[in-house]
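Step one of this worksheet: look at the structure below.
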Amino acid sequence: MVCRIEIIEKPQLNDPILIEGLPGIGFVANIAALHLIGELKATCFAEIASASFQDFAVTTESGGTRSPMNELYYYKRSDGGRDLIIWYGNTQALTTFGQYELCGKVLDLVQELGCRCVISIGGFKKEEVPAVPAIYCAATDEETMKEVMDLGTKVMMGHIFGIAGLLIGLGKLRRLKGFSLLVETLGMYPDANATRHGLSVLDKYLGLDVDLSKLDATADQTKKVLESFGLIKNVAEEKKKEEQQMRWFI
Amino acid sequence: MVCRIEIIEKPQLNDPILIEGLPGIGFVANIAALHLIGELKATCFAEIASASFQDFAVTTESGGTRSPMNELYYYKRSDGGRDLIIWYGNTQALTTFGQYELCGKVLDLVQELGCRCVISIGGFKKEEVPAVPAIYCAATDEETMKEVMDLGTKVMMGHIFGIAGLLIGLGKLRRLKGFSLLVETLGMYPDANATRHGLSVLDKYLGLDVDLSKLDATADQTKKVLESFGLIKNVAEEKKKEEQQMRWFI
Amino acid sequence: MVCRIEIIEKPQLNDPILIEGLPGIGFVANIAALHLIGELKATCFAEIASASFQDFAVTTESGGTRSPMNELYYYKRSDGGRDLIIWYGNTQALTTFGQYELCGKVLDLVQELGCRCVISIGGFKKEEVPAVPAIYCAATDEETMKEVMDLGTKVMMGHIFGIAGLLIGLGKLRRLKGFSLLVETLGMYPDANATRHGLSVLDKYLGLDVDLSKLDATADQTKKVLESFGLIKNVAEEKKKEEQQMRWFI
Amino acid sequence: MVCRIEIIEKPQLNDPILIEGLPGIGFVANIAALHLIGELKATCFAEIASASFQDFAVTTESGGTRSPMNELYYYKRSDGGRDLIIWYGNTQALTTFGQYELCGKVLDLVQELGCRCVISIGGFKKEEVPAVPAIYCAATDEETMKEVMDLGTKVMMGHIFGIAGLLIGLGKLRRLKGFSLLVETLGMYPDANATRHGLSVLDKYLGLDVDLSKLDATADQTKKVLESFGLIKNVAEEKKKEEQQMRWFI
């Protein structure tokens, strides 16, 4: 199957922008995406399972199940602005191959919906972070770079790992425009403060005026979800190795 | 080839339920499936080889060969109840990728045969297990959860590994209903007692009235098959092999 | 590409038997296949490259190149007997996945040519081997088993690793008949003696009357080819590890 | 996606020759390709991303992004000679599987453009290298070998790793002609001197008369690009990662 996308609805969208929000450093993108979905009351239109996600289910308190999954939400703007597609999930793919596959499949789908602009958010891991973290940016082209720099971001120096970097790179190859916002973070826990500052910049760029007052609650919710998938623990643990074979015997 | 399914027969089935019974913790599912196949005289209608199974053949006492293999059996009920599809095998896939592929292919086939409900069975590993082991449950939806709780099961807390968890998760993504039964077990050997208690609950759910008197013999048979494939030994051994880490966390 | 088969010719064959002869324990199959090809003047009709072979080329003394490769040869019998397809190569696939893929592709092709019987040869590693090594057998069915036992072979006990086991297993899944001949060998070098005894049995089974007088020369030739691919060294070395990434920097 | 080729233009070419120039030992091929592209003002007509490249983006000084990527350039000769296709990139694939896939896809495309001849360049790692490094050669056929030997090269002895070897091997399987030029190098840094001598031979073979005076600048440029992708560091580091062993030997 590699990557299975269950399409619930194919929305008609106005020149939509894709915002990537998978778990990563400081969980900045993940909290941001969940917050946007909640505040904008965005609608889930596609569910994605990948053979490169973990092969287990986790249970909820009432005996329900949650699986490693990505989802796409849309938000249609009433103010005539560009619509949004929000890419949320409780995991990235576990292998390089899976990351490319996942990113390629999502790009296929959103391009079909008319998307020509992609934004990824991420944490930029630092040993120390000031109360107001710096926000860095890298973009596919000079024009976009100038737009985002004008919002008070700095030039990103270094690698952008995982889906955040891949989305910009594969987007550029497909002649999409886009940028990556990287917020300073210690990176060890779901960082509400970093997310708040990152979302402020994104909010200005998109002209959304999203309420950030309940962001701490979103960070807590993100923490719970990711703990249930063992992702938070992974960050804290120094060397967590899983067995490749026979892992169903424990 | 990835996954090759050799279809022997495409049975006409009445709203069939899939019961997964591959080797796993305590081999509960594996013994249960083999016992159901034997007692119900179920018919094998498909054989599955996967490129993610081990690449060897094992020999039988008379010089015959057995290969790593999964099989699907059907049981047509004469009492007007829902028919059964039993998923039996001597191995799960060895990689996460292979697990998804295998589960996806089996779901493709059983959905083609009209299946809308999936059940997985598993062991829930505990350090100590009472004579009457507790049975835990997780389900795709509240209604199913209530039905299974009414049979005396408890709410499952934690991860459901391997095909048992994947089946519920991928089933839910495909809008199937289903649940997973997890029986307390030490998990180190084919656990006939755990299987007996698990099968009792399953039997009540399905209204089958299966004879469990020869279950110890089925457990012995399971042990022999799995020993020949080196699976029992694997359980005892401490050595673990590593899987892909969450490489997008730096 | 996974597996690329370059078909040179599609021969018309009379109920052909496939004989597998890739490098393995004691290189028994590899020497046997090369010897049959030479003595029978068999014709190469297909070349196979797999993405699961090693990614290098080796040079010959005159500056030519050899690549990891499998080949299929045919031999049309003038005595009215069943024709032969000989599967020769300088490597097996390096991963389980690749082994299945390779074996599946070869079976696809030979079945298209009418093949319904497969034979694999292998070494059975022992600490000590008598001057006349014992020959073991495992078969897909009782009738075939009886035929091969009548030639003086013993019942094989244990695992048949790699392509030798896979061919019998995947063949059986496809309803082919077949058997595996396993000759006692120390397994550390190309074993001409083990091959001679194995070929004698095969020769009797096929009624070929192949000249074995130059078998030592064939073993030497096999040794040279495999040394150039680093395979002999691998057997002797205790733990030869290669790097997964960036292996093109050395 | 495995391998995604973005074709910008399908040029009409006159019996073109493919020259491979990916990073490898001493970065000889990589510098040579970049230099040819610059001096000949070759035109990029295809961009290639592979799921076997690294999954990150690197940033430029101005906040732009660069991704792991391969590119194909063409150069149409006005002197009636055979046109050139130059295969440039900042990485090879990270896995054996990916290497085969990448090489297969490129061969598919260039064969479609009429290519029947492939040339790979590489470093031949030595402990000591004289001021005028020796240049070794291996070819698909005797005629080509003679042509290249006549330019002062020696017979290559040993393995040709990575894409350089694969291209010749897979090319030969497809009945293409070709050769590999291997220049002595210490292999630890982008070796402008080795590249100069290699390019001289290539230049003579192709009758190009390329200006080599700015080759040191090209080597510096290559160094910068590869450092940003962490490839130069990799060469210096001792740590090796293991690949699949010949697991069918027990």
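Should a chain be cited, it is by its letter among A, B, C and D, assigned in written order, with residues numbered from 1 in that chain.
We adopt the following convention: contacts are C-beta pairs under 8 Å (C-beta built on N, C-alpha and C of every residue); 3 or more make two chains touch, one makes a residue touch a chain.
The structure presented is a predicted model; accordingly, all values stated were derived computationally and were not measured.
Distance between Cα centroids is largest for the pairing of chain B with D. Taken over every residue number at the interface, the positions common to chain C and chain D amount to under half, indicating a different-residue contact. Distance from the chain B centre to the chain C centre is 36 Å, each centre being the mean of its Cα atoms. One inter-chain figure worth recording: chain A and chain C are separated by 50 Å, centre to centre, where each centre is the mean of the chain's CA atoms. Annotation for chain A: residues 96, 99, 161-163 touch two or more other chains.
Those residues of chain A that touch chain B in the complex are listed here as 1-2, 4, 6, 24-25, 47, 49-59, 61-69, 92, 94-96, 99, 125, 161-163, 187, 230-231, 234-235, 240-250. Note for the complex: chain B touches chain A at residues 23-25, 92, 94-97, 99-101, 104-105, 125, 137-142, 145, 149, 155-166, 168-170, 172-174, 180, 187, 231, 234-235, 240-250.
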